[in-house]
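Naming follows writing order (A, B and C), and every chain is counted from residue 1.
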């Protein structure tokens, strides 16, 4: 049982990485990125291509991928998404939904529907043995650690830096922030750029941990979304906790019956929505 | 006659298809305090928005220190030295008092106003510097809003309805602080619905009515009748 | 000087007569048209009805949903269960399934309405996934691989195809009429008021929550109708086909191309979609990729959709729900 719980927490680490980008983009711009999962899959394929084309280790693939993702995210926001930011949710929804379809089909054309994975060089099979005889996979632990680091980093960025202040100001009141001299379009583009670096990491880890195929995107999106809602909007540690809860629930569900694992996760999400719609740790806005 | 710090000529402005301003002429000399009065919807806030770049205006219609600035982005205008205290304060709820002030200093210009100076001028804000800005009382929030505008060291301070929603004694305190800024050579434009207050704090008054200037002159030179007529368009 | 409130324009009156002529012509098709045409019509009818309902929900109700396929699939499965297990005639089961889907929409709304905006959209998707997974685990209806509609086994093929065709035609006319009359009514005016400014509408005494629920239920009815109809035509159902998000994707595409919030929009969008489908669907992934790019481009550059853009430029209006003053 403890093993199940621990595995659930480690799975939560991965879900946290899925969700952080979404939380960030929604927090700063009220923009719902329905292609979140597809971009994660795209990053996975990017890592796969990098590692096979250049015969590099996953670490190097990740190092290549992260700055590319940053620039890509910046450009995407600046040139494609910037017109969709605003009180009406429809344009951003349609555009990101369209992107989702474009990505899925492009990947299908380029890579076919066969599942692929990144060569991890043994990392996926290594495990660490805890006192008491419990063995935990090295990769899941690494992912969990990455999730903690990313969450802490984002929380620090938002709470303690000038850029974070700018993010919060622009999300509170875009007009007045511009009155103070902020270029809101550039700020939004930076937010998306940062979100995409986390997406790149998520894609890298997903490809290391398991196989990916072009149609995986929507499933990952729903996990990311559920983590954000369960945890409560407006707080990165909230997203982290939400991801933990989701991971735990799914893992317990899988244990009971493999066919119902994901369903359990959905039910817990719906239950939170009914009982405590603001999530477990919502950030209260003044 | 020295060149006006702000000169506005025949300013027109639209919200979409609806016209808000119909050819406004306006002038502000360095060191002056000018008041703009008028009923709701007269165009006072729209005018300030045009000055600060939040509302599109023709380039040549607004000149700041001889430079045409109409329609330029707000960031550019702030860096020229024009700052606004918006109507309703509009502090950032997610930021603390100190962070709100720091945002004001984003487009910093050289000058005497710093966080330290503001905190010594308004000690109550110093005590609450890390509290969420919107947890303060109305009057205190107004002080934060003014401080936020001051942080960019502007040459011209635009104040949009400082008295909105505040008790008379608080309004008195706030307006008592205004001369402190002008003594440093700052020019101030005060938009007010309260005519008496406006006349008291300013040297000249403009009265707006339905998007036009209905009356302007020295604050101590205009009679109550003149003002009522202009205010209500009689 | 008083002004009159005019509803219809000359163009709209002409369009009405043309529509009646077209419907009458279409009704005669089983006697002279090829059966593949009729099957195509049934399929496009389902897409169209579903798009109309999505348009009602998003354009008039202000609720953007990526989960309407929940009711499409529900309609299909409920029709099948009524037909296979309760001995109900599947054609009769279509409206019954739609009603049941509408009824289920009420408790679903208790959960879905907890969210707003973009998160409402994804939340509805989660709910649709819950339905999909639930039905995939039900061995009664074949679980993950689905099952067939056995209730129509005894009927000769030609009869079945004609009946399906006429049912589809009836459903299309009924859906258009339903939405049109709804929007012209007092409720419809309230809906437009809410769409323009929710807070102002509330202060006028309009019960916003009830109106939104009403729209959601109507859209669920239409979605269920489309789903039940589709699987009567298809004869075979599976959870992945019934609850696929592609239904909503295509509906979004049709409405965006045609223009959201206008009744004519889904019609134009459905026609364009049918044409694109006809000529390009063989290209598989490239076709879908192209659709996605078109939707993105139209959203960014033609915010009101192609029909909306034409309407704005030329002042056309075929389905007069706008009232304009004449002096």
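Methods note: a residue touches a chain if its C-beta (ideal position, glycine included) is under 8 Å from a C-beta of that chain, and two chains touch if they have at least 3 such contacts.
Since the structure is predicted, the reported quantities are computational estimates derived from the model, not experimental observations.
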Query = If you count the C-beta pairs in contact for each pair of chains, which pair comes out on top?
reply = A-C
Remark   = Chain centre (avg CA) closest to assembly CA average -> A
Ask   = Just curious, how far off is chain C from chain A if you go by their C-alpha centres, in Å?
value = 33
Ask   = So how far apart, in whole Å, are chain A and chain B when each is placed at the average of its C-alpha atoms?
value = 44
Ask   = So how far apart, in whole Å, are chain B and chain C when each is placed at the average of its C-alpha atoms?
value = 52
Message = By the touch rule stated above, which residues of chain B touch at least two different other chains?
response = none
Note = Contacts with two or more other chains occur in chain A at residues none
Query = For the complex, which residues does chain A have touching chain C?
reply = 26, 30-32, 34, 80, 83-84, 89-95, 97-102, 105-106, 108-109, 218, 221-222, 225-226, 229, 259-260, 262-263, 266-267, 269-270, 273-274, 277
Ask   = Across the complex, what residues on chain C touch chain A?
value = 58, 64, 66, 110-111, 114-115, 117-123, 125-127, 129-130, 133-134, 136-137, 245, 249, 252, 256, 260, 285-286, 288-289, 291-293, 295-296, 299-300, 303
Remark   = The residues of chain A that touch chain B in their complex are 162, 165-166, 168-169, 171-173, 175-183, 285-286
Inquiry  = Looking at the complex, which residues from chain B come into contact with chain A?
reply    = 52, 54, 73-75, 78-79, 84, 86, 90, 92-95, 99, 102-104, 106-107, 132-135, 148, 152
